[in-house]
């Protein structure tokens, strides 16, 4: 699968929180989906603990708490394919890009700051 | 001023959050005051960022947000004089015991675990 | 054994409520008694009677009510933490001259002293924080 | 310049609301326009109409209302984040079959699309998080 | 023996440091919620000093797809085991 | 130039690490709320790589009684200066 990865666009959503423990990740993904539905070009950066959003094999939480794995599958339906994942965070958790639920481009320090500079609006979650 | 410092009692309140940024510190102090008002023997441990609760010269926050410095002055009225402050946290912030708003006994690793073991109930804030 | 839980996280914002409910049903299934759940800090938002979560997500407010109905667990809400956050029962609403209320039984507004009583009166108090 | 603020912290739990209000009055005093404050995540709790803080503490709910009255700043609350947390205006309460409501004007429940619109339509969007 | 409960990961929060500083030699630490990220082989070094007394909640590992990456030195328990740990302890202390 | 805003102290949260990783060479970082604890002489080493571009909010230092312990390398601004920093920046990004 080809990974397109423009470092410019209307909105960059930075996802720094892991799934299940809080609603940050879900609320950040919701903001990305809404912007895409409005026709904006949206990029996602999974940074820090947020890279665990891309872990395979996620399930529902206690009491059937939904989690976010299913929402990730909707990204391509909304034409959000500019996905970036922080290299140092992957290394921190011993993850490799090929183990992820979705293809994402590896982002090092320089490419992260280029992502921020290249988008009109940056929201952190 | 003499510092009494029993490592046993009914309730140990551990205060790990600094003033102003959140309500944790105030809510922890409220729990301590209520327990003392009910006649229980209460100890406080200022740990981690919580040692900044004891910094001198605190003022009200934005819009007149009260802070907690005034509440500290009430501790002695409620006979809460078993105050402990984590040694490594003081060092982390370059603070010395004599710079603190209230006298508190320096607690190292062993004395902290003794405090926890010696109180019937431990609440963290 | 006699247990009490202290819940300090807002529902749907942190996992605290989910974890506490899961722990609650498990401890009751093991034959223990869950005397009370005390809500403090942002945990008081669990008592918001108008909560309307999406149908495909857990309904935490109803889950607390079920816990009370099935096991007699008291649902105690710190009144000082609740009032400033807009959680008032009918009596407090009247006392503050507000029309309408946001908390109703089985949730009850109570003083922080109840938490201290619980902490000393039960065998185990377990805190679920955000 | 035209500004908007994004507030994500619950009042009285984090400093986010205090900081945002302080920033808001300062930027208006400097001649800027504050178009809107958008409330998301736990920030939606700022819209709780029944808030009854102690008299010696800042009344954040009233402060938001003053901001609207004096400067025409819109107070927009993410409806999805609000409903699950028990913040319903009269219309949503009726739609969900609930008696009573917890949100009223000048706060208005609105879609997340408004945040995106604001982010692209103003010169500066500043986020105050918990 | 005290059961300590930690719900923050060492990869973003230093709450684990306060918990470890307060633990006595026979106390136990249970990782729950986002705290289970500390049980990964890549993260577990933060808890080296309490090896053999470090637990992680199975359901929270599974929900995150992390059960397979949990380090072998970590004692994995389900919620029933969580309740059991609170029975065995004199009291519990939560760190967040 | 982007203005980054951080409200967590490096003594308990690693959010500062994510902020620094995202900063370009001319970006600025403003410490507010509990984040001003990072401006103390005892803590400012965490921000060594952005010396000269590190700001702290005076009102939040004062409320905590920390204004006297703020490191000399930190640029202290009041809320008016905070607004001014947002005027000068292309956009702001908040870290928490």
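To keep things simple, chains are lettered A, B, C, D, E and F as they appear, and every chain counts its residues starting from 1.
Methods note: a residue touches a chain if its C-beta (ideal position, glycine included) is under 8 Å from a C-beta of that chain, and two chains touch if they have at least 3 such contacts.
No experiment lies behind these values; they were computed from the predicted model shown.
Considering every other chain in turn, the ones in contact with both chain B and chain C prove to be D, E.
Contact with both chain B and chain D is made by C, F. Set against the Cα centre of chain A, the chain with the most distant centre is B. Of all the chains, the one whose CA centre sits at the greatest distance from that of chain F is C. Inter-chain spacing, taken between the CA centroids of chain A and chain D, is 27 Å.
Rounded to whole angstrom, the centroid-to-centroid distance between chain E and chain F, based on C-alpha atoms, equals 33 Å.
Rounded to a whole number, the gap between the C-alpha centres of chain C and chain D is 26 angstrom.
Between the CA-based centres of chain C and chain F the separation comes to 38 Å, rounded to the whole angstrom.
Of all residues in chain D, those touching 2 or more other chains are 12-13, 15, 19, 22, 41, 57, 125, 127, 129-130, listed in ascending order. Within chain B, the positions touching two or more other chains are listed as 16, 20-23, 48, 61-62, 65, 120-121, 124.
In chain E, the residues that touch at least two other chains are 7, 11-12, 14-15, 33-34, 59, 91, 93-94, 96.
Which chains touch which is summed up as A-C, A-D, A-E, A-F, B-C, B-D, B-E, B-F, C-D, C-E, D-F, E-F. Contact residues on chain D toward chain C in their complex (touch as defined above): 10-13, 41-42, 45, 48-54, 57, 61, 83-88, 92-93, 96, 98, 100-102. Per the touch definition, chain B reaches chain D in the complex via residues 20-23, 61-66.
Across the complex, chain C meets chain E through its residues 1, 3, 15-16, 19, 22-23, 26-27, 30, 32, 124-130. Residue ranges of chain D in contact with chain B, taken from their complex: 12-15, 18-19, 21-22, 56-58, 60, 63, 130. The residues of chain A lying in touch with chain E in their complex are 16, 18-22, 48-49, 52, 55-62, 65, 67, 69, 89, 92-94.
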